[in-house]
């Protein structure tokens, strides 16, 4: 039996499989610290948004759901962490956990409505919820500071040792470590039977029902997970910038994170991270280059990616790899049997 | 009190007509051709700029700019469709979203380059300004004009789709593209032309809407949500649905502003969510 | 655009240029391959019964002629020209009239619109098809979906006739119809046979009826042609027919 | 090279605090501008940029003998979290000596903790929420506060016999400030606010609100909207509904007739009375020169607005402060020098209050008239040495 | 209990259109039963009614002695009812190994588990691999399903259903769309299905029907026209009429 097992199921060789990844995860923060310390802030921003995009990927890339209101969870996480810090609960890690809990709860509540509809309606219902939460936060100025943003956060040092500094060093390592932990959990989820179920639901919900999967329950679970990760991302953003803007709840951010994910490649573990990096860095470079017309460049990047790299940056890499894989190739050609004409004939 | 209610209702309808004009093309492209064109607002904006440019730089009368805006945008959209969109018909909706939002960004920056970021002025001809007394109601002449144009276009679109040979071709192509092709209808061509008309109407709406919606390069992003609400609540591809939804949105918007200004945009979003939970395919949408 | 195919007969198209010739055609949908190595020739004015059980690829063959499938290999010639090069939406203008098995009446069009929207000038006019199917005239303002099965079938045939085709592709036109309607349709089809300008391919599970109406017959099994000969021969050899149809 | 610089920077991280980094005499003076350069409010950034460039052009690109380098950061509108990150980046990455710009109040509030921590002198060129200067000792303001422009309008209206009014403001923090300051000043003089409405931002059509006002028939209306798309939309609805004919008087702050947008707003603005600290038609010699040079540098496409003047004055304030410190750019010294600094601006005499670091200036009452075919704000009355009333009250 | 599945008066109406008419049908334990009928006879609708994809208008369905009429499709699967689809309904971007593992995991109740990697559920993987090997798919188990030849995709259909360890398996035209050269493997697979699975399959090819089925039910216009052994059915004049139009009348 074993030869038929895909290599990924073999328990041995774990280090071989993940070794490169681990090296990468260690190399990136080291490289930032050594060579680009003045880019701590940008890197922190990328990491937090990368986690946010990763959370959306669970929905869009894996479970095949649609959302234009994902900022709702990011923002609720940010405001939870922010309000805790304003009102004396400055301990960051417990703040993250509480934010995750609140966001997950909001995810659970909204999932019932969101999963009742599909396609455009699903897009619009998520958008509608997002806008409603935004409006609510805007109105509740006494609580959130409205459009002036939430000010006065006092965040304690991480683990009581690392103070948040002006250079953003602590912020960067804090965010990066949390991102890494979340990524490990997300990888677990994706590699688990549950993750496989999500992919099955994306590929063919009808068949999933036919193998006995309670599809709504699974999707709800995915929705809650995505909300939790988004909430953590928002809380990270709030704690590291010690400020929460109303924009963290906005439709614009929901759209932006979707763009990031699609740029990077949905349905790929690294799609959100790559997309966030591409988008944020492109925007930073282009807007430094030309603060007035940088949007043209960002739009251009999006258009070019669609035209020349369908499925995003990682999508094109993946299909290149598939094309180069010899096994897949032989079987594909075999799949189109041009049956020899001699075999035919009429009576 | 009744007079106030009617005035607000009328204003809401006028606003709804604008939304209808701009949204109908989006509804058609998404509903009939299955193409998610989030750059639709950019076509409307383009129409607006065509109109202001003609008025300001060439002194063309307002009423003349309207058909020109329609025609220019329709022609431009054919170029865009043949050159770009056509390549994406077989792609998934997410690719289409990324692409068309990218195009929108580019057009926003492009228009800013040529026209600057600020609001474009529009001066309506004197005969469209002020108010008239209509059956005891004080109504804005321009809004009356909007309602008239909106109803006219709605009627023309409905008649065009229901009564003409081209309309029959559109319906046939939507009903069953394979059979339509087999009977000699060039489905791609029919769709391209439909797309052009839809975009042209957006251009017309953009030109008409300067007075009420304003015209800045941010237009396509600012109103995208509103257009999507109209399309989804109305039901994809449904002319009547888009008209109904646009009027509902316009009236609710006007009513809440007048009677419940404190609640702001809550109601419109809540109503949208409720309507979509009730009828996921829109008020007059067909189940796909 | 392309190709020498047109509605008017080519100058050189004398008796020896067949109306339709398929060579080694294989085709299917997406990844599925339904047809394999189909060879078939049809002369001008000839009528063909296309027989076989459910799911052997008869409808796929018709759809392939109309360009509605994925062609995997082989050549298709139409009146001496290359049919493959003709875009699907030009094939009706080239002279192919399709009556699909599902009928595919356009539900949002009225009966009259269904007929008129694709009509091409020629000897078949609205009046003539109304003469052939008076029921349709009675119901001309009804929507396509409000018709009975038989009426839909008449409409589908009338719609194809109004294309003024050289070759009519009738895919199970008698399926699921009331006997009176079948009679009416059989009569109409018989009437068409008299008209030497019009060839047709008649797909049927009801082999006998089809054989009676045609000059030539082809039996398919699992995507291949297993019999190609005169209709009469098969009609007079029921055992062979049963065997070909999988009932022996 | 890159590597070495990176290592050095990493080492620097380990210990040093950023304030008071010594600057060699030939180093350029680096000024970061956080503003809106793209999106619907991109005009703000354009005006800032023009004002800054004009000042530099008139002074050979130098301040206090140093070449000036401007680093622009685009927040694309109100974006406090972006502004905060930009401030950090400007300080850490671009090593700026000053931060300026700051069109939106949330953006200014957001950067306050950063500039405090880094001791970077910050000159606010527009953001007009009162408490911004109290949020950090390193912030000074050369623009105005909402209250500073709103309260005088109330006083003038009372002086001219208007006892009742209806207040319309945009529903955001500055709108609330304007509302409160106006109402307070109006009530203090015996006036009465008979009704009010706060309209959502991003609202394209005011006809419902205007209709409501018409139905309530107040003696007058005072409104406050941020400059840009809202005032013309409101004025259009006002005109369309015939409220002038109904005899309702209309007043506003100068944002309503911002010189950037006044031409585009059109004749609907004619006759509107506003209170504000700058009109490009201000009849002083200095202003005439300013406008002339502005047109010479950037063409007649764009009128200098109060944004451009504040930016111009902001540069002048930095220059004035550095003159006092003799080129010392350490945060504390510069802030000390800014306090009490007096300048002659194109808008008239201005002063940075020594106690509050906020601006003291003349507020003019103006009326929109057509002069030589152009719509302009013609000043006809004024309140001198107006301080921020919100701070005065404390 | 010797009956695996029974329907009593099972009907389905779409408005006035009756697609299934009071069907009384029973499938004995371990049966090999074929369902035939002309296009549009309602064969697939019948399967959909059995699986619960389409709710019945009236009548009842009993599976292994239990009334399942009101149950959701996934509940029926849990009680031992599995199916394949006429038009391949698979997971194009997953491998056959993943697809079968998915079904095994669902059966074992693992699909809500997110904290353990699939790779750690050894038993599930081994079982999936075994099924693939049984169905001669072992060598393509790691390729994306969409890249497989159609014939193999049809076998994956069966593999996914088998992974549910069904007591009753419904095969909807298992050979549809397979080129003749590729069908042999599939038929071998069907022939080797475990004997304790009761099998109901839709098939048109009477040769195949007589090879695999011990009994045949003929469905016409939503109702049962005839039932019997393959030989009886082929000899039945009514059936011949429906299929060949041999006699004068018309169904």
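We just call them A, B, C, D and E in the order they show up, numbering each chain from 1.
Note that contacts are C-beta pairs under 8 Å (C-beta built on N, C-alpha and C of every residue); 3 or more make two chains touch, one makes a residue touch a chain.
Keep in mind that what you see is a predicted model, and the values were worked out from it rather than measured.
Among the remaining chains, those touching chain B as well as chain D are A.
Of all chains, the one whose Cα centroid sits at the greatest distance from that of chain E is D. Interface comparison, B-C versus A-E: the pair with the greater number of contacting C-beta pairs is A-E. Chain centres were defined as the mean of their Cα atoms; on that basis the chain farthest from chain C turns out to be D.
Between the Cα centres of chain C and chain D there is a gap of 78 Å.
Each chain gets one centre point, the mean of its Cα atoms, and the points for chain C and chain E are 33 Å apart. Chain D and chain E have CA centres that are 74 Å apart. Chain A and chain C have CA centres that are 53 Å apart. Counting partner chains per residue, chain A has residues 292-295, 335, 337, 339 touching two or more of them. Shared contact sites, meaning residues of chain D that touch two or more other chains, fall at 38, 42, 46.
Each of residues 109, 112, 264-265 in chain B touches at least two other chains.
Chain B makes touch with chain A in their complex at residues 30, 87-88, 91, 94-95, 97-99, 101-110, 112-113, 225, 228-229, 231-233, 236, 264-266, 269-270, 272-273, 276-277, 280-282, 288. On the side of chain B, the complex with chain C involves touching residues 165, 168-169, 171-172, 174-176, 178-187. Touching chain B in their complex are the following residues of chain C: 66-68, 88-93, 98, 100, 104, 106-109, 113-114, 116-118, 120, 159-160, 163. Chain contact summary for the complex, chain A toward chain B: residues 60, 113, 116-121, 123-125, 127-129, 131-132, 135-136, 139, 251, 255, 258-259, 262-263, 266, 292-296, 298-303, 305-307, 310-311. Chain A contributes residues 1-11, 188-189, 191-197, 199-200, 202-204, 206-207, 209-215, 217-218, 221, 225, 267, 322, 327-328, 331-332, 334-335, 337, 339 to its touches with chain E in the complex.
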